[in-house]
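Below, chain A partners chain B and then partners chain C, in two separate complexes.
== the complex of A and B ==
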């Protein structure tokens, strides 16, 4: 009964290998997470470029080694501050703590004559003690961090000044020399100073702590949202305490390195350091952001400020001018960053839609069948379950005549035969269930937009089959996730063929994909035996309905915006699609088999000449989406739709239009069952049922497909 | 019947005045501590409890009180002005340079006021329009301002000397009527202006609303941006007044007051000890007076006892730590509403 399809004689459909567009790359980059770290990085590049342009030989090995020598203590203190800021606090006492630790190191080394490891331990302990005081008051007692550390800053500074004034003469007159002490202070390992290696090791350890360890995650959680962390069972207070102590230890190490290198402290040691490191942190993080353990960004920020400062002083500018410029630069970087952060989503929104010129061709093969040339046959449709189902995109009938449909609220409903009057919940899936199909075992396989491919048994068990496919080459954004699984059909071997209508938009924005007019969709397959998902054909124009041909060897796929039906040869899928039918008068949605060897094609909406013209002019559409409210956009005509009857060879033989005043709108799906056609619509709240004149009154979909083969 | 009785009973029960008695506990504790200090110092230090010393305390604390007024208004609006001392020095420098070069005092004052208004406006613009967090914006603007003045006007120097013989300088440092010096008069005037701004001007209501809940104030349609401008311009003007007093009293403008941070610390100490929480929305002129009283008495007593500056700083640091721990004990934070932004 079925007509053989002459596949090789059909015209080939051109499918692009990849889509490259500058606007799309910009939009994809903007939606990446790392783009926020870009500003400190760009700032560093600007500084380096500026230094290169104005100074000769700044980036030579000797000068870089020199820079690295003095970078260690500042860098360590920045990391310490990062730990405290990550937990949601602030530490103004780092400068005083630094001076105090350096003094403790010198005191232990020169006055107490302790061995160097003990000196290191004493420095770390001194730092940890001040950190513990901060942590006790700000963490365990829960006082404000700014005031607490302001208090410890002033107190420690006072203590330091008193102690260093009392001991300075003795320290500077001490003649103790120790090889290890000098090695730490002056030697180079692998051409870089020891202090720099200490900084590198601590940076890696802090990075690992934030990425991999429980306490690091707890710190970030507390900094991100203290209340949520507490409700999540994290011991907030002790986490804060730990962060302050850790910061104190890191500052202690920094003070020790300083002492070993300088062998002296002065009254100004560490003064203004808190402002310097705060600046570096702010430039690195792009603002004062708690809950981010961005070690690399912060070190980039530190390098920016450090090199800038150093280069300006090298160039002979006075300290006051450096101060002036630093203030101005911080304001500028902060302003750019705040504005970028605030407007990033707007920039993204205005660049995301990337229209291209698109021509769906002229309407062909519809002579005598257009809505104005025939009577609206759907006017006579019986209405089932009116008001009981919300948006049945697809309808499905089993052998017993029970009707199934998914709804907008994520349910799968069953309407029992024979009268289909009551809708009962078969399963709650979630997402937006769209296309449905019955497999050989009588289970329902559903495409769910926002989820993927789902299988539902007749007793309501839901199983997710797949939600990911392979990542395509040359895509900035990760497109493994199946964003809008639309329709499916099952091959004779059990392989499920389904479409991901668009990779760039969620279901609620499917209309934007039409305005874009780009090949954003793909045809996928899922093999239940191997549980593997493959991309059969990428870069299709909104692939929608999927239907296996009667011969079981070809696959029909509706290309909605293209107004055409594509056909694949199952034996040679890699050859790509050919065009079975093009020039449809509307936008084809689902396709299903008919009893006479032909196919039913649902038209979700109609083309119109104005919109077809707009599709040829991408600039018009881009300006329209920017300046015109969405309710006034040019769009296809979704108020009228219908069903086309296509014969086995791909020729339109009949058309069933709905009347302008309903009762059905935007038909997205239809199934033939025992001489009747059941009609679903994605925006309808009812299901239509139309008696067919020339149909086989005993034909049932599942039996004709699975029954004939088993 | 029963329900009516229940309703009556409910109406009769006084609604618990939650927090009203406790909110100002820190202020009371500090007030009591101040009195105790006064009593202790009166007995232990010779020459403390004299009228002359009272006059010294008042004159010396005038600039601190004036700066605290500016800082308090900013903090009540949930801001922070770390550039206050830089502004103070800047205002005094501009005024000093102008009168040294022979400009008449009213003209010099006018220029200084305009400069301060512009600078306060720039701060507020960065905070309210560019939306940089107040702490960072004022930190950077402070660096910028000090660097600019030292670079452009002082040519790298730290110190600007004022001619003490200049009639304007003498006027600012001297007595108006015997017993009441100009600094004290300006202090009282600034306190009165602060009281008016916070309690009688409509901006004051917005300031408290912003401090209580900034988002709610903004969403309610209050003019938060223009109010921010008023707040920072006000603090800039207080900084100018304090700077004039300080420069006239010492005959010099010393940029090291900015870098060593002690004065800024004292100002924050006054505001916090007075019972104005850093998260804003609470407090008033009375809190400033209480805070200034404690710090002024402490400073005076410690100076009379010949404590070094470092010891004084250390003791003040300990007082601050004690105060915030006490405050935390008296007004524990609500863990449910405690957010990360409250530093």
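== the complex of A and C ==
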């Protein structure tokens, strides 16, 4: 019955290894998270370049070591402030806290003569205490962070002044010498000062906290949206309290390092520090942005301010002039950054669509079969479940004749045999269920756009099989997520072959993929035994319907915009596809087996001369998407479609159309069952059923795959 | 040098179908009478409504009555007007017949063959003089498809005196489609594609109409403007894409061009716009469409004061003529092949 497919004699389909396009690379880079810190980074580069141009030997090893030595305490305080800002607060008391912690360290070391680890502990405790006071008032009591920390700033400064005046003489006259104390203050490890390593370790820990730990995520969630965080079950008040305490501890560490290095404090210690670190933070974050734990960004901002300040003072400018220029430069950096952030999404939106010239070839093999050349055969179809199913992209029949279809609202419906009149919910999946198939055990495997591959048992249990595949090597964008699983079929060994129609657009925007005309899709496989997902063939042009050939050895894949049907040899998948059929008159969607050894091909829409011409003009399409409202974009005609009957060798032998204003105006799927053809359409709300003249009245789809009669 | 100092006068923005022109279903709700291939309308001296129907002119005594054949010609009727007891009939191929109120030919009017490409509208200035609108395209040309992509102003306004030769009143008009006389008797010409109404000197009197203009008719206290379709942002955009349009014109039959259309029919080989995709088989009324039914009512200053519409899901598109008859506003829909009683005239 089935015709042997002469695979080697079919023409090869060229599949690009990768898609290289400057516009795409720009768009992909713009959509990366790290682009947020682009402007601070560029600012840092500019500052470094400026310093290089105006000084000699600034970036020599000795000076860099020197810079690193003094950077530690400021850098740590910036990180402390980041933690507080991330939770949605602010801490003005960091400068006073810093001075107080340094004093506590000196007091414990010189007066109390405690061992150095105990001194460290005391400093951290001092910092934590002030943080806890802030956290208690601002977090637990809910007073304003600004007022609270202003209060603690003044109070702590007062305490510090009293304490330091009382003890300063004794501290400075102390003769205690300790190796560990001096090692922390002056020694270098791997050529860099100990303090700098402390900064690096704390930075990594804070980074890990924000990225990987529960409390870090809670801090970001509370900062991002306090109300939502509370609704999400996060203990908001204690999270804020914790953030202040943590910030206090980091400031305490900073004060300890300062004390070990300087061995003294002065009345001006830590004065103005809060404004210095606030500036660094604002430059790094591009403003006061709660809910963002961008450690690298704020360190870049800190480095910018620190080097700028240091270089200007080194150059011998007057202090007030340095302040004036710093202010002006920071305002410029911030202005550019704010503009960039504001327009980044606009820039991304205008570069994301990247059309290319595309030619689907002329229509072939349709003589006498076009809609205006034949009688509309679908006019005779019965209409089932009219108005009860919203967008049945695929229809599926089990051996008993029950019909299944997915709908736009994420349900899988069952229409019971024999009359298929009522639609009942089999399962709620979510996403947008598209292609369906029955596996050997009689379970439904569904491609769900926005979710991936899902398996549904006949009692409605839903299991996600896969939603990710391997990342392709040469792409800036992370393409591991399966964005638009479209259709599938199951091989004799149980391997599920399915298509991810486009890696670049979601189900709401799949039309843009047509306007782009690039090979954005891929054929994937999922092995239920190993639970492994593989990319069988990347860079296909909107691969859509998948059908295992009657011989069980080949796989048919519809390439929708290419208006062609590709064929893979399952034994040699790596050889790539060949073209079984090209020059279709419309956009092929699902493919399914016919009882006579041929195949049914659904056409979701029809080509027309003007649109084919527009596909050869990428610039027109790109400008159109910029200047014309989306509703007015020129598009493929998805208002008319039909079904083609293809024989086993890949020749179109018949075509089924409805009248142009008929109920089955576009078809995305069809299944033959006991001499009848069931038809579904992704924009329709009904299912058609057409009695076939020359079909085997006993043929059923599942038995053609898995054999036997149930 | 002077161009630097010349102020760049910006065109006023085109009107949208909002406000006074907000969407409505008046054309779809109107009573309709089927007529085979209707195009032009006028009211005869005896009070009957004359409607062109292919090569014939039908007369209607009262709304709902069976129309009777009033006159027959060899070529399709392309224009009708009445004045001073006479009826002028424009015929495809650029010829003219003038009849008296009973339908008998009236002597002395001759339009030399070949002097105009078409007569798409006419108006009597007096019993002895008639104004003819020549859109510049022959009867077999699909004017709607072509006008958007043709920059050449080949239309003209012709004056023809009884027992005299035609004289050109205005030349170099871009696709004029209708003529009406204002209260002072001077001519107003509607331009299809430029969407404006001009006087014979070419001066724009009002511009930016949201449609492709058909015939302009005077009512008791203003005008009505029949629109063959509505403006489309895609077509406006493609006017800037010269290379693409040149290839479209060179390779593709005009039937398939992106252009305003006279009929809302579905066909597998027509382009559509993204928003026009059907859902559950239905066209959304707000969907973009290349055909549309739009009749604009205007005051004396040619500002719109109201409209009657048939939206994307309607079928009474391509309104090509309108007139006031027995106090009612009558319009012709070319797409549905009907004359429509839109309502009481303002």
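Please note the rule applied: the second predicted complex is superposed on the first by the 532 of 710 C-alpha atoms of A that agree within 3 Å, B and C clash if a C-alpha of one lies under 4 Å from a C-alpha of the other, contacts with A are read in each partner's own complex, and residues count from 1 in each chain.
In this section, a residue touches a chain if its C-beta (ideal position, glycine included) is under 8 Å from a C-beta of that chain, and two chains touch if they have at least 3 such contacts.
Keep in mind that this is a model prediction, so the values were computed, not measured.
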| item | value |
| --- | --- |
| Touching partner for A:23 - first (chain B), second (chain C), both, neither | neither |
| Which superposed partner A:684 touches (first chain B, second chain C, both, neither) | second |
| Dominant toucher of chain A (residue count), chain B or chain C | B |
| First (chain B), second (chain C), both or neither touched by A:534 | neither |
| Contacts of A:88 with chain B and chain C, given as first, second, both or neither | first |
| Partner chain in contact with A:344 - chain B first, chain C second, else both or neither | neither |
| Which superposed partner A:379 touches (first chain B, second chain C, both, neither) | neither |
| Which superposed partner A:320 touches (first chain B, second chain C, both, neither) | first |
| Touched partner set for A:639, first chain B, second chain C, both or neither | second |
| Touched partner set for A:553, first chain B, second chain C, both or neither | neither |
| Residues on chain A lying within both footprints (that of chain B and that of chain C) | none |
| Of all residues in chain A, those that touch chain B in their complex | 88-90, 137, 141-148, 150-159, 161-162, 165, 223-227, 230, 271-272, 275, 278-279, 282, 287-288, 290-291, 318-328, 330-331, 334-335, 338-339, 342 |
| Complex contact set, residues of chain C against chain A | 232-234, 237-238, 240-241, 243-244, 247-248, 251-253, 256-258, 265-281, 287-288 |
| Contact set on chain B toward chain A in their complex | 126, 130-133, 135-137, 139-148, 150-151, 154, 156, 259-260, 262, 265, 268, 272, 278-279, 308, 310-318, 320-321, 324-325, 327-328, 332-333, 335-343 |
| Interfacial residue positions of chain A with respect to chain C in the complex | 370-372, 387, 511, 585-586, 606-611, 613-614, 617, 620, 623-624, 627-640, 657, 660-663, 665-666, 683-686 |
